[in-house]
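See below for the structure under consideration.
For clarity, chains are labelled A, B and C in written order, and residue numbers in each chain start from 1.
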Amino acid sequence: MSVETAVETKTIFGSEVPQPPQHGAAGGVMRGLNFGTGLVGGIGLAAVAGWITAILTPSSASNASFAPMEPTYVYLAVLLGWVVGFMLGIGAFVGPLRWVVGRDVTHADAEYMAGKDLGRKRYWKYTTDHKVVGIQYLIVTMLLLGFAGLLAMLIRTELGMTWTSLFTPAFYNSMIGTHGIAMIIGMIVVVSGPLGNFIVPMMIGARDMAFPRLNALSLWLFVAAVPMLVSSMFMGGIQDGWSVYQPLASQAPVGMLGYQMTIIVFAISTAVASVNLMTTILTMRAKGMTWSRTPIFVYGIFAASIMGLYAFPFFQYSQILGLADRVFATSFFDPLNGGSVWLYENLFWLLGHPEVYVILIPSTAVALELMPVFLRKPLFSFNFAVAGIVGVVALSGLVWAHHMYMTGWAPAANYPFMLSTELISIPVGFLVLVAIGTFWRGTAWTRLPLMAVYAVIFNKMIGGVTGVYLSDVPADQYFHGSMFVVAHFHFMLMGAGLFGAMAGIAYFFPKMTGRFLDERTGSIGLWTAFVGFQITFISMFVAGLQGQPRRVLDFDDQFNLSNWISTIGAYVIGIGMLIFLSAIINSWRSGVIASSNPWGSKSLEWQTETPVPLENFPVLPVVTERPYNYGVPDPYEAELDSIDEDLTEKAGTK
Amino acid sequence: MSADTLIPEEPEAPTNRPPSMQRVRLWLQRPYARKVLILTVLIGFLLLPLAWLLLAGMNQTGAPASEIMKDIEQTVFVFTLVSIPITAFVFAVLVYSLIGWRQISGDEPPMQDSPAIRTNTIGVILWTVSSTLLAMFLVVWGLVELAQITANSYGTISADEQPGQKSSEIINVTGQQWVWTFEYPEHNGLTSDILYLPLDRPVYFNVTSKDVIHNFWAVELGVKIDANPGAITQTGVTANKLGTFNVRCAELCGMHHAYMQTQIQVLEQDAFDSWVRESGGKKTS
Amino acid sequence: MSTSTFPVSPTTGEPISTIARRSRLGLWLVIVADIAGTIALVISYTYLWSLNVNGGWAPPGATLTANQTNSTLPTTPSTATFAVEWPFWGILLVLIVATALMWFGYRSARSGNHAGLIAGAGLSFLVTVAVLVFQWIQMSTFPFGAGDGAYASAVLLLCASNIFHLFLLLFIGMGIFMRARKGLIDKTNWYQAQLASYYMTWVCIAFLLGAILTTFLVESPNTDPAIFGTFKQQ
């Protein structure tokens, strides 16, 4: 038993709180740990693990097809060493270990870990403050999206140069695979990560997330996952598309391990982040913030978290099974030994479709969130917006097999899956209704965030309508696996998802950085990218209609024209995105200083000062009214009311 | 209308007119409402050619060469038509919001707020009902077409006319990296790397793969099914147009996926028979 | 040790009951994710069991029903058969004992019986170690290896998932025990022991699912693999 000592206390928000004994300076061992020690730990342990594995593996080890196993074991050891070493080096295990030995975190420790008085150094540490985590997420996501965008440019260059070939088929295939999965991961994170972490706790009037240390954990697991994905490019690459269908994936070079480890780690990161966001939203809303007073963006993030929570484990297990097949010679997906390729497809798409909504719902929600502010009127039919989100979440888990109409796994199942898939157009339609209802008769304050919403809704309509063809089995019998599909999901994920994220970043930029996103450069970038986007993907629709399969390096001459146009469009997107990126960087460094509430918003996150203090709110706010309380009484309504009264009077006198 | 049925004009009794109808009538009198509706019609007519353009894109290499492909194109055509009104309306609101309703630029939030329309019961009901009806139409259309395509693929085999008898042809399709092999088990196991099909006769495919997943896509015939290792998938088609068409692999299958394509030759029965004879297969008896 | 009658979190100053409520919700959500993962395993097992692709479900040495043939070369001598069933249930039983001990510790903590808490948590930890050892022995003595067909793969993965869960339980059990000894879990602040009990209960259910699968779904019902060259109407 511990010896009784005099209990120290600390004043937290005006009350005396007894403290556990403080060991050393505040923060303890965390004082010495940062991103640098993480890198040292990761690279060091990776090198040691790889070296030991290379020594221990007999050089004769080979798999059933007589390929040597040594590279597989060594690469796996290196990846595991990297993750463990990096997390060790950055201090992820300090908290759990302190919990086990019973050396609890004091208030001073917690403040150090939240980055108090650390200045810019806090962005390089295992910092628990949700605002720091949000900024860190933003930077990492932009790096990842930039990497994937670069690959997209290379892919389009190859496809545009129809007279020659720039890359080997193997490298081309590894580019499309890496581009796909890097974009998917980046898009999953791009709203929920930066905005979900930075904005949501403030929007609901909380001081931090429910589990601040888990917040840091989810971020740094994500950071640990990204280099593994990039490293696979140098180990033979992911030559199987982003969906890495088995058993093609088991033929792939060892680079596939990079994909599998990335997904396994990223799925943990997503699950942790989802648990954290959901708990925060459910238990930490400000006093008086009932569900009808909760902003729609919070609903969007909550919905994405639900889907992330139940769907990602399926993805994770599909990759664990694939990894076991590769490393331990099991036969989950090997048809020669009783494995089934349809098992992989089912597990994969059980994630694969909810994941689309994990991307779409938050960026739709952020668009709906900012519209009332710029149109100076309430969100049209808040209940329908909520119903739309709930409907999408409810149906999201029941539609996965529409990716498998043409696999022949269960032809009879095509009927119910077509039904559930087409039903999803109803809740998505609700969200469109809310958007156009909010535009209705609104005086548009045409700043960049609102203008991006026009682009989002335009793209979403095109993506939605083309999605209807694909949800229909007969039409899908022509479109499945063609460029039409590629164009469709780029309209959804990029056209609606990424442009929505750009709207959200432009909107919250003043709160996150204290400066305005430069209106002029930002708009030029946005609209250049928008025009390029239409050129690229509308001509890609044409290629699909003509019958060009997706993921091909070379094709018949009949597809040349649409591919040339598509490539030109892609370069325009690239230029537009670079301009937008330069707007972000320049504005961050030297933009116009913004006041704490430059858009005149009524929601909680804008009521704090900028830069936001560590505890967000010195006094926790109390919510007394519905969100989006903008607007003046409708003159037409008054007129109608008087007519109604007239009618009633007449009816009464008759 | 004859004169004796004319009723002398009377002021309408207000109780006969439901207030909601009254509201709709008043609403239609507002200038912006009419303009948005006109814009909707305009945009709708602008989008209308898409219905034919989509088919033109699909027909570039000779499609439709089967009933299945005709069904597919009909579906695409109808879906385009029914999506145009709703798309046109949304685009009209977007456009009118930019050019019709008031706009403010500048650095400061607008001083004057917009009308606080929190909801509009009639509008919401209209939207819900119409979008639900639309979705239901799509579902029903899809289910019916799917049943029809299934019938056209392999459902028409009657009990007394099993496959293997004269009128139909069975072809075993095998994908492997990166070639297609077509085996005609009813003709001494004749194999070919070009798909020869007899005109106007049902053909049934047993599709499988020797290594990874491929996808057997007979483009102009509208046939598509995965070739899975460890499983046999089945489909079928009746080609009704002579000519040369394309088979492509529509599932990434490794390095030379792009080159995994071959031809379809749809031949008259005589020509098909002589091809079978010349290639050493047994003549269809 | 907090002597205050109104226990609060030392880091944020919020009441322990608030923290407990929040953590409980967080734990439920973690369990939801864990359930999804376990369902993925169950799907994998049952899907491969029901399909019996190429007749490759059963290990090569297992006695096969009439039409069931293994079309591939066996990768190991055909001594590989199905696993014995009772060890799955035995391991589950021992784990249930460990869970009951943790529950006992937690109930003791709530009623102020500190010695009971320490004994419950400590014994639970020791029994969990025993479960891990048993699980390891079972895994290393299966009559098949990883390459012996889909059944072997699925069972080995279930066991690997069990081992992963057991390591988590060891970590949690160790923490509860150490913290109980330090007096950080007591009559006013018992929620961590409660969460540990909840989680252990869920792990028991996961083990139960594995035991049910490996006991009742052994021989594949699909004894008629597809034959090439004929057209079956669907």
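The rule is simple: a residue touches a chain if its C-beta (ideal position, glycine included) is under 8 Å from a C-beta of that chain, and two chains touch if they have at least 3 such contacts.
Here the structure is a predicted model, which means the values were calculated and not measured.
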Category of the chain touch graph - line, ring, star, complete, other:
complete
Work out per-chain C-alpha centres and flag the one nearest the whole-protein C-alpha centre.
A
Quick check for the class: compute each chain's Cα centroid; which one is farthest from the centroid of chain B?
C
How many angstrom between the C-alpha centroids of chain C and chain B?
47
Between chain A and chain B, what's the gap in Å when you average each chain's C-alpha atoms?
31
If I count partner chains per residue in chain C, which residues reach a count of at least 2?
53-54, 234
Contacts with two or more other chains occur in chain A at residues 335-336, 339-340, 342, 411
Which chain B residues reach two or more other chains?
230-231, 234
Footprint of chain B on chain A - complex, ascending:
169-170, 173, 239-241, 245, 247-248, 251, 335-336, 339-342, 373, 375-378, 380-384, 406-408, 411, 414-415, 418-419, 422-423, 425-426, 429-430, 432-433, 436-437, 439-447, 454, 457-458, 461, 465, 468-469, 471-475, 477-478, 480-482, 542, 545-547, 549-556, 558, 598-600, 630-637, 639-640, 643-644, 647, 650-651, 654
Under the definition above, what is the set of chain C residues touching chain B in their complex?
53-54, 226, 228-234
Of all residues in chain B, those that touch chain A in their complex:
13-15, 19, 22-23, 26, 30, 32, 54, 57-58, 60-61, 68-69, 71-72, 75-76, 79, 83, 87, 89-91, 93-94, 97-98, 101-106, 108-110, 112-120, 123-124, 127-128, 131-132, 134-135, 138-139, 141-143, 145-146, 149-150, 207, 211-213, 215, 217, 219-220, 222-226, 228-231, 233-235, 246, 248-259
Per the contact definition, I'd like the list of chain C residues that touch chain A in the complex.
1-4, 8-13, 18, 21-22, 25-26, 29-30, 32-34, 36-37, 39-41, 43-44, 47-48, 51-58, 71-72, 75, 146-147, 149-154, 156-157, 171, 174-175, 178-179, 181-184, 234
Residues of chain B touching chain C in the complex
154-155, 157, 163-164, 170, 172, 185, 204, 206, 208, 230-232, 234, 236
